[in-house]
């Protein structure tokens, strides 16, 4: 019930005195302010825990230490090349994952027979941990970009595949019938009806995959020793340079935030028609 | 509301009088005051409804007619507290509406989407009652009655997507009936049912008001229906939409499909509205 | 868009047909692998025959009690925690948009934290033992469920949301009767993803502080260059994955019965 | 295979790649590199990090790497599983004098474990199960009157060992510098020094290469071996030099480097006898089931 | 079809004559032959439509009326090849229907869901034309024309969910118009539009048939509409549903909202159907 009340109050009719443009500006800034407050609170709590000794700074660095280390990164060419290598592996891996999983997901979502045929294989393969495949990937590809990409794809394609498959199943049957009754051919039906209809699911899958891909890139660099931020983390770990290690980890996680912000923005554009987007304008349309 | 009763010939083309008559205000259960609503569009905002005033007394049936896209649904959604007004306000029972008010049931125009596909017909109708903490037995009874009232006693265990369009629409009506609200907002509630069922449902609405004194605001495109059901018919029109006309229907409360519709008063009103609409359109 | 009819009592012939559809590809792949690897001299890619022998040796039947059961126990606990927290928090963040927006940077940050950082934290907070492993599994499995729940909740049909609001359906009932079922298709898909992620994380979680478990066995085989045993371990993981997915399908089938029936009757109500 | 490195059978074109974990046990390698010992013998060496033996061996096999530093025990395990590699040169060795042993079994000071015998029924953290330090520690426990089979061993990553022991999550840890120093600071105490106890003068790190590379590139292999041994010999005489090497070869903070016990080197080449000692341990603690022909594990010494 | 033209009074209660008249068969563009359709329900199967026969000649407008839940939508879906018949068949242009036939456009009852929310109004209308490989310019022109025809020229760039219910319904009609089908199946196409727009759209349908000789099968609950538009009115009823009556409308092809509806023939037919329905219901 609180939720209802909150919604109501949030969007209560504005008083006549309230300047509308100022109100809208405030409204636009509010989410950003919320975020800053939330992030600041977490950092403060972490720093306090470090000071109080709840977190041993020898095994987990404090925010202050991390910031101290972070400021040295911009001037460090090794950092930039590692960052570049990681981003490259991540981007290629993610694009490939989507490029493979999306069509396959569409096909398996559209055909029950195909799905049943592949069910065992898919459920089997997606439980094979990429971590365990590192030695094999190393043997075949060496500590290279290819190795990273392969491991990333092996892990990150599954969410996209599954979400796409379910998404296809969830396309409004009336949309499908409409397409069918107008004898839209298969390709056009997929492009104009199935993919957009499944897109809420697909978008979720891509967002899951994007972060997984990042983690897998870093993980394969760390374990397999390919150049990148993960390798740097490994080196810092072996050297017990906790500040540097955590600074690097923060960079990785910040990349994750960035990646998701970009995706959320893209999603907002591509899916501007979807309830998740239009409910916002509905609610704010006062 | 007597003072606003004008003969159609006089009232035509005249905007509704300013709703500042103190006496009327006080007796209104529901009052829409200078309501303006605009939607965001790429080019800025489009004002759909502007400075609209409307009063509904307790137990009154107000029917709303107006061209497609005039803003009838928008108006209803504002009254239901689902959509915030851009300016102006809606007052129900003396309090301004900021969220969905209590004791109000809405029958949505988009009936097929307003039923939850995961619930059986029975549970769809029952859901609001569970929220109201109506005891179990009472709930069962009310659901059964409401479904029987709309002629769907036999479909209780089916799911909405197993029903025809008209049946779905009737389930949505049954849900509102079972809720036993003080006021009901109905957005083209009989659009998809056949003539006979429609007549039956119209009479059900009249009966409901008679027995339970429910206040009803009903949007329809059927002018006959608007006149047959309404104590007042509100004609919307213009761009942005305002109240074009507000007609009191002098047919009393006892109405009957065959006889009422043959009354000269009925025919006159109906023709008047139709002519008005046609002129407005051309 | 062919779909097999989904009747409750399939005829025996149908059953065989269904089994055939399900089995031909795995069988074909198995045979292809067997043939292709038959004379393999590669150290890392032993012949399938060797792998199958190693599988029998290590996993049947001793491995099951020694390694599989403890891992499955951790998985069950971790997955249950992830589901409960993921759905719970997902509902909150999906419904209270402002909170969702405010917390999104933190959540995205946590989601992207590489596991190296988590292992120390896990050891720090939970020590060595199954609670740490459960926590790791739960952590990894949590995110897809959270994301799909949030997106599922936000994607519920606008009119349905309006109905719930206008009839002032109280929060609890709204959650159980409107929001959860409405978001269920998305949530279930997320849980499916999470289930497999949970299984892969078993291996990772047993890298530290373990004396048993299927991941432990795989890692030890890998460390000891017992490559056939490592492959056998992965075979075991894959089979477990498949079996668990079957079990999960049963759950999904129940939860989404209406959904399947709806799509099924509307698309292919057969004569 | 993408083969950005030279093929294992190729000639002396380009640098050879040596994979190593950046620890002080490899100080010989880094010292040789810094002093130009390799170029003096016509070898261009590129040192690249490799997390562990199981990562390095695939890279050796596919020719991306020519030499790798690894724990001799895991090298022997690999050989026992028919991985075609051999050992070429030693890294640091176990010290004969316990007072300079960089490795240690650490327990909480004032905790329940006072003697190795107290470890019975308790949990011991090791870096790698069935690794050299694990086996050495078991041997040390048995030699010091305890019963190694009565304890439980779990893997704990090196950087987390001190914390785990200090918090009582494990009762003892088998660790190495620089973690011994940080551990002692954090309130842990030495229970035993396993390497000096059981494997004095036995290498704790060996350099390996694939058999085919060794067969095809004898010159490179001997150049590599000789350079390492030259550096080892120097470090044996000048142990403090390791600290200086460590400043550039590892990222360990200098203040820590100044405190730790440095690894011990000697001028000896790899011997079959050393490997025999290790294999005895492996057999005893059932790391391998079948004895291995140690004559074949060290390149140039067997068949 | 002359032999099936009976005066209402005689035809009432009599089932449609067996459709085995060879001449009629051959001239039929669309013929439904002994169509039976049942749906799976938990208890087994429920037969909705049984042994239904129906013939539509080229250029004919056949309107279908019948109680809510009778099976009108089911019938249309079978004709459109969207639903397989349980027994019997549908023949279009001499060929039995096994999938959606060419040159057929459907206006769905569930209009709001049949529009793709991700496409703008323009693209929704354009989509089927893309499938037909209509060239780009031609496509644009047809879309613009069709939208103008239904009075929605200004909404082309909006999305369906930004439109009112009636506007959405008209977009669905425009989509069918732009497709330029030989035959059109319309399921309560004007249920949600206002009286004036409805009249305009009815005349649009008549005009369409006049100009392009499109064959139209139209389901409606508005008896006036059924008579005004139809060359033949088919009344469905019974459980399971059969053709209860099949009335030829002797009003010629030139019709006009004001004059036609005042003709005694019109009034007689309309009253006859209404009475029939009322009797059927009671």
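For clarity, chains are labelled A, B, C, D and E in written order, and residue numbers in each chain start from 1.
One rule holds for everything that comes next: a contact is a pair of C-beta atoms (placed from the backbone, for glycine too) under 8 Å apart; a residue touches a chain by one contact, two chains touch by 3 or more.
Everything numeric in this text was worked out from a predicted model, so none of it was measured.
**Q** Mind listing the chains that sit against subunit A and also against subunit B?
**A** The common neighbours are C, E.
**Q** Moving only to chains each one touches, count the minimum steps from subunit A until you reach subunit E.
**A** Between subunit A and subunit E, the shortest chain-hopping route counts 1.
**Q** Where's the contact count highest, between which chains?
**A** After tallying contacts for each pair, the winner is A-C.
**Q** Among the chains, which has its CA centre at the largest distance from subunit B's?
**A** So the farthest one, by centre of C-alpha atoms, is D.
**Q** Subunit C to subunit E: how many Å between their CA centres?
**A** Subunit C and subunit E have C-alpha centres separated by 48 Å.
**Q** From the C-alpha centre of subunit B to that of subunit E, how far is it in Å?
**A** It comes to 29 Å between the two C-alpha centres.
**Q** What is the distance in Å between the mean C-alpha positions of subunit A and subunit D?
**A** 40
**Q** Could you pull out the residues of subunit D that touch at least 2 other chains?
**A** Residue numbers touching two or more other chains: 54, 57-58, 61, 159-160, 163.
**Q** On subunit B, where are the residues touching two or more other chains?
**A** Residues 39, 81, 99-100, 110, 113, 162 of subunit B touch two or more partner chains.
**Q** Scan subunit A for residues touching two or more other chains and write them down.
**A** 4, 7, 56, 59, 135-136, 139, 174, 177, 222, 234, 237, 274, 278, 282
**Q** Could you list, by residue number, the parts of subunit D that touch subunit C in their complex?
**A** Interface residues on the subunit D side: 54, 57-58, 61, 74, 77-78, 80-84, 123, 125, 128-130, 152-157, 159-160, 163-164, 167, 169-170.
**Q** Using the touch rule from the top, collect the residues of subunit D that touch subunit A in their complex.
**A** 1-5, 19, 21-23, 48-51, 54-55, 57-59, 61-62, 64, 158-160, 162-163, 178-179, 182, 186, 250-253, 256
**Q** For the complex, give me every residue of subunit E touching subunit A.
**A** Listed in rising order, the residues of subunit E that touch subunit A are 77, 80-82, 99-100, 102, 104-106, 108, 110, 113-114, 116-119, 127-128, 130-132, 159, 161, 179.
**Q** Taking the touch rule as given, give the residues of subunit A at its contact with subunit D in the complex, in rising order.
**A** Residues in contact with subunit D: 56, 58-59, 134-136, 138-144, 146, 222-225, 231, 234-242, 244.
**Q** For subunit C, which residues count as touching subunit B in their complex?
**A** Listed in rising order, the residues are 157-160, 162-163, 165-170, 173-174, 177-178, 181-182, 184, 258-259, 261-262, 265-266.
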